[in-house]
Amino acid sequence: MTMAEWALLVLLGALSLASALGLLLSRNAVYAALFLVLNFSVGAVIYLLFNAPFLAVTQVAVYAGAIMVLFVFVIMLLGAERLAPAENPPGLAYQRPLAIILAVALLAVAAWALLSGAQIEPSPSVAPRPDSSPQAMGMWLFGPYLLPLQVVALLLLAAMVGALVLSRKS
Amino acid sequence: MMINSTDVVAVLPFISVALGSVGLLIADLLIPAERRHVTAWLAAALLLTAAVIALSLLGSPTFEAFGGMVISDPTAFFLDTLICTIGLVTILLTLRYNQVRGILRGEFYILLALSISGMTLVTHANNLLILLLGIELLSIPLYVLCGIARPRLESEESALKYFLTGAFASGFLVYGIALTYGASGTLSLQTAPAAPNVSGDPLLLIGIGLILVGLGFKVAAVPFHLWAPDTYEGAPTTVTAFMATATKVAGFAALLRVLHGGLPGMESTWQPLVAIIAAATMIVGNLAALAQQNLKRMLAYSSIAHAGYALVGVAAHDTTSVVFYLTGYAFTTLAAFAVITAIGSSEGEEMQFLEAYSGLGRQKPLLGAVLAIAMFSLIGIPPTVGFIGKYFVFQAAVAKGLVWLAVLGVLTSAMAAYYYLRVVMVAFIREGSAAAPLPTPSAPRNLAAAISVAAVFVLGVVPALLLSMIGNGMLSTTP
Amino acid sequence: MELFVASPILFPLLGILLNVLIGKKLGERGVGWLASTVVVASFAVSLALFAQVAGDSEHAAVHVKVLPWISAGPLQVSWGLLVDPLSSVMMLIVTGIGALIHIYSIGYMHGDPHFQRFFVYLNLFIASMLTLVMADNFLVLFVGWELVGLCSYLLIGFWFTELKNAAAGRKAFVVNRIGDVGFVLGILAIFVTFGSLDFAEVFKAVKAQGGALAAAAGVITLLLFIGATGKSAQIPLFVWLPDAMAGPTPVSALIHAATMVTAGIYMMTRAHALFELAPFTQQIVALVGALTALVAGTSALRQLDIKRVLAYSTVSQLGFMVAAAGLGAYVASMFHLLTHAFFKALLFLAAGSVIHGMGHDRHTDPQDMRNMGGLARRMPVTFAAFVIGGLALAGVPPLSGFFSKDEILLAAFTHQPLTFLLLGATAIVTALYVGRQLILVFLGEPRTASAAHAHESPAVMTAPLIALAVGAVLGGALNLPGGGWLHHWLEPLIAEQAKPLNLPLAAFFTALSVLALAVAGWMYRRPERAAREVARGVGLFLARAWRIDDAYAQVVVKPFYFISTVCAQVVDVGLVDGAVNGVGDVFRRLAQLVRGLQTGLVRNYGLVMLLGAVLVTAYFVVVR
Amino acid sequence: MDATSFVTFLSAALFVIGALGVLLRRSALLIFMSVELMLNAANLAFVTFAHRWGQLDGQVTVFFIMTIAAAEVAVGLALIVTIFRTKRSTSVDELAQLRG
């Protein structure tokens, strides 16, 4: 990997973390949603760097596009963009410090696992770069992954019926 | 890739339920609104067919299909049969209950069938992606079913809580699968840890840990159980009955596929962890149930406690005992819920508090008897199936050297007698209260209760019937 | 053959079926006689099986496997029935006394709105108890063990309109569950040790391996004994039996005196080969039995309720049997079980007859002995029956109790001085409370209108009294000293040296018993005054059964209250009603703590899940 | 450190931030968005691991996870809208009728 690519990767990483923190801290739901869109878009660029062009496009079109638009739409529909910092109920008094401590602990465990796991893996330079063009992905989806593909079709059907049940007047 | 007949046979129960639910969707459009029960009966017929198909496939030998993504062994087909039967009994319960509460909708049955199709996939999962998809397919319809009684707040609250915690748990599950994949380079449950130098890889271990978090949520094991009481209480009782039984079975099917079917050679790694979780689940479930005045909520905690007993069998690496336990538990719990669905006013107000059951045994002796039998089986009194089931899992634990776990199991089930008996006492010993309405009559519900009670006794007296069907555990290594 | 052997169990089940289906049409008399007839039929079959075993030159057992049950790898269990000398004797006791009590109940329960339900439960009990004694393996025995417990629970709480009765039923059930924990663990231990639960295989292995099993046998027998302390009401689990008197009197006679409570002794006798390998357990058994005998016997001295006297007396006599088993005198133990079944059932039924006769005035408690007096003239048959039963209990020769008690005392005399002292003291105390009860109930002048208007019970009740009285008088002949019939009968199972009569010892205790009766006669020479006495000091201590129930409340419940108050998690500190409810309370407090987690706030749930995830992953980090 | 390790660290950080969002945000909508962030972190990990192993399986899996996310969003948003109609709020802290 060249220096330029590294610089780009570090920049993307910083942007990704910053937008995630924006989602975590922002006081306005629409801003939060836009931070998330940014985060997803940064992800798409990283996908490109890692030889996943098809996923990069899907990420932008489906995730950053359709799904987040839906979020923003619902926020607007409900008029729920303002997030007033209300006082916590008694059960939540220690929620914030405990959550932060546990999150740091989890991150530490995960970092340790990633670090010590890294040694025994094949180096990326050795690994072949498979053909990841949309055609190739299509062949995979309709080849070995045919059963999962049918299952997600059912999943989407279930989601559709479910959304109808919850929204339609009974 | 061409699909051959082996592939189809391997997941035939799944295919039939999935196709059937699509058919149900179309049929429902043609059925006039005032004749919704026709959809219900169609769904019942569908599940009966699927159950028969799964039952007829029980004898087939173990084989893999779809390039090793799914596996078919007697245990898988048995669990399919069980899940479809539970769905069938649930539908019998819904006919009257849902009508009274205005939720006798065609979509109810379509979603139920879709959820069951997800469960019948989980039972065959031999690949983490199939496992994930199956779990999502079973969960998403359930989120909706919990909230189907809207605009009742308790139903909506139960659905949203289930959904948010469920999505959170899915996050752990997905991330765990990602790490497992990262460590082994495969999603197959058979080969993942078999790769050289992988089984001790921290990446794999953390991955498995996070997968266990996700599955622990599904079976409501402590400390991932907190959603269950709230969701069970708020959801329509028929949905609760289904979740407490079928979802529990499917969740355990997933656990068994991962721990008993996959991960060869790693038993000593996960066994202490599962044993600890089992112990915590038995203790917390039973303790919290002690304090409940609401019968539905008490059964929710009881379902947590029973997940603990089944986990004892999981920890002991004895698939047969776990499956047997779950079967017994499922029918017992269905019997109890059959009674709860019966008690309520004609306006749809549910009577969940124990008070409402006082005098039931004298006003409606048969219904009272069903309740009492269910409670006795939950305690584990012979000759009900609850006794044999507990005996099997404790025996398995002792055989594996987990004596402390068996002792704890026996102690907590002695403690459980206290709160189950209270129900019997209230039903048979107290005078009836004027406020308690008489149960609404319903022939299908009575049939459901009869089926469940018969299963409780038949399996308790002749457990051999079932043991031969379950088979001798799961394939744990690729030949 | 299978069907014939199983028919003693099937007859009562048939009775239940018929009574449930057509009971309404049969009417009260029909229901009662049907239920009694099926038990008589069971008795007849039991007699035939007994004859078959007796007819065989070696008393070979009749052993059938009725149905396969569990077949899971090494665990092979079937519904097998075993009729050998030991179980055939138990079968005759259960069905014989059971039949008499069924008939008696027709009169006793006359007019009860739940007559039909009562007989259904009673038949279910007979079937369950027969399952227990006929089982050929530990698991089927446990099935019967649990089912008789269930019947007991249902029958204690039979008159459920009074909450007190329901609470007594639950107390019995919960206390028994504590014992059952021991029993279940014992069964698991047996399976782990021997790889089988069949009596035949287990005892064969015991015989073959002998001393090599000492450690395992120690653990197993201790666990089994915990089970026995629950069912057979020994220290520390005896507290449920006195409360169980809330049930109808025939139930007390059948279940809580003659049959169910002896299940622990039967089980220990059945497994005696194991107990003999564990001398330490045997010591404990003997001491617990003897101590129970004395504590319960002295408690009986100050009871006011006619049935509670008999209840404590039962606990005390069960202590005798348990002590005998601990001393290795299994034949003596079974012999006492047999005679006790006769005379204690007789006493209970006579007491029931008294209660029946007293029950005219709603405002007088018909069970309180202070309200009685002078009943001898008004109820002559009952009085005669009570005197026979009482003298047998007190061990006056030549009644049956004399012989069986003497054998136990003799065994203790030659083996363990401490046990002998405790049991000997109990023997004297027994005569004292028998005398006290006879005087308070039957002699003197009537102290209330109810007593004055009491009348003799109908023939359907007095006829069983007479039959049992004959048994109580002649029962001793079954095992005369020096190797009587029972001794030879059980010989294939229990090889024990028969002991001749120790005349000085027998004479000594006979004299003491008679003396104690005389002392009682002197102490209560003015029953009117004695009846007004208020117990205090030692008397109150005895009346409250050595305050063991109270001690449970103090030791178990109070400290927990303190802790939980400190934890500031206490909600609605209620009154503690007895130890068992108190133990329930302990758990309820814990339950409140657990419920504290359940805040209803979904974000808390997420937090706990994350905690779980951290713990699970940390676990994997550590074990790696 | 190589590029894949860097991105897997990034994905772990994103996952934990997502989890924190679930625990710290009050609005059901934002909690749900945080879950999406967690799923996205998993996707990132999948893509890098696929790269590391030189396989397409990881990438195909990401496609399926995206579909799962879409299905969850459809149902989840419908639920949030439904409960908003009843309670006039998206705050999960006000949903504590069921507890104990």
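Points to keep in mind about this one:
Order of writing sets the chain letters: A, B, C and D. Residues in each chain are counted from 1.
Keep this in mind: a contact is a pair of C-beta atoms (placed from the backbone, for glycine too) under 8 Å apart; a residue touches a chain by one contact, two chains touch by 3 or more.
The shown structure was predicted, so the numbers you read here are calculated from the model rather than taken from an experiment.
Common partners of chain C and chain D, by the touch rule above, are A, B. Number of steps on the shortest path from chain B to chain C, with steps defined by chain touch: 1.
Located most centrally within the structure is B, per distance between chain CA means and the overall CA mean. When each chain is reduced to the average of its Cα atoms, A sits farthest from chain C. With centres set at the average Cα position, the gap from chain B to chain D is 26 Å. Centre-to-centre separation of chain A and chain C, using mean CA positions: 68 Å.
Centre-to-centre separation between chain A and chain B, using Cα means, comes to 31 Å.
Chain A and chain D have centres, each the mean of its CA atoms, that are 6 Å apart.
Residue positions 89, 91-92, 95, 99, 103, 106, 109-110, 112-114, 145, 148, 152, 155, 158-159, 162, 166 of chain A each touch two or more of the other chains. Taken residue by residue, chain C touches two or more other chains at 595, 598-604, 606-607, 610-611, 613, 617, 621, whereas all remaining positions touch fewer. Along chain D, residues 8, 15, 18-19, 22-24, 26, 31, 43, 48, 52-53, 55, 64, 68, 71-72, 75, 78-80, 82, 92-93, 95-100 each make contact with two or more other chains.
Chain-to-chain contact here is organised exhaustively, every possible pair of chains being in touch.
Within the complex formed with chain C, the chain D residues making contact are 19, 22-24, 26, 31, 92-93, 95-100.
Chain B contributes residues 129, 132-133, 136, 140, 143-144, 147, 150-151, 153-154, 156-161, 163-164, 167-168, 170-171, 174-175, 177-179, 181-182, 185-187, 229-231, 233-234, 291-292, 297 to its touches with chain D in the complex. Against chain D, the residues of chain A that register as touching in their complex are 1, 5-6, 9-10, 13, 16-17, 20-21, 23-24, 29, 32-33, 36, 39-40, 43, 46-47, 49-52, 54-55, 58-59, 62-63, 66-67, 70-71, 74-75, 77-78, 80, 83, 86, 88-89, 91-92, 95-96, 99-100, 103-104, 106-107, 110-111, 114-115, 118, 121-124, 127-130, 132, 136-137, 140-141, 145, 148, 152, 155-156, 158-160, 162-163, 166-167. Of all residues in chain C, those touching chain B in their complex are 67-72, 75, 139, 142-143, 146-147, 150, 157, 160-161, 163, 166, 169-170, 173-174, 177-178, 180-181, 184-185, 188, 191-192, 584, 587-588, 590-595, 597-598, 600, 602, 604-606, 608-609, 611-613, 615-617, 619-621, 623-624. Put simply, chain C touches chain A in their complex at residues 599-601, 603-604, 607, 610-611, 613-614, 617-618, 621.
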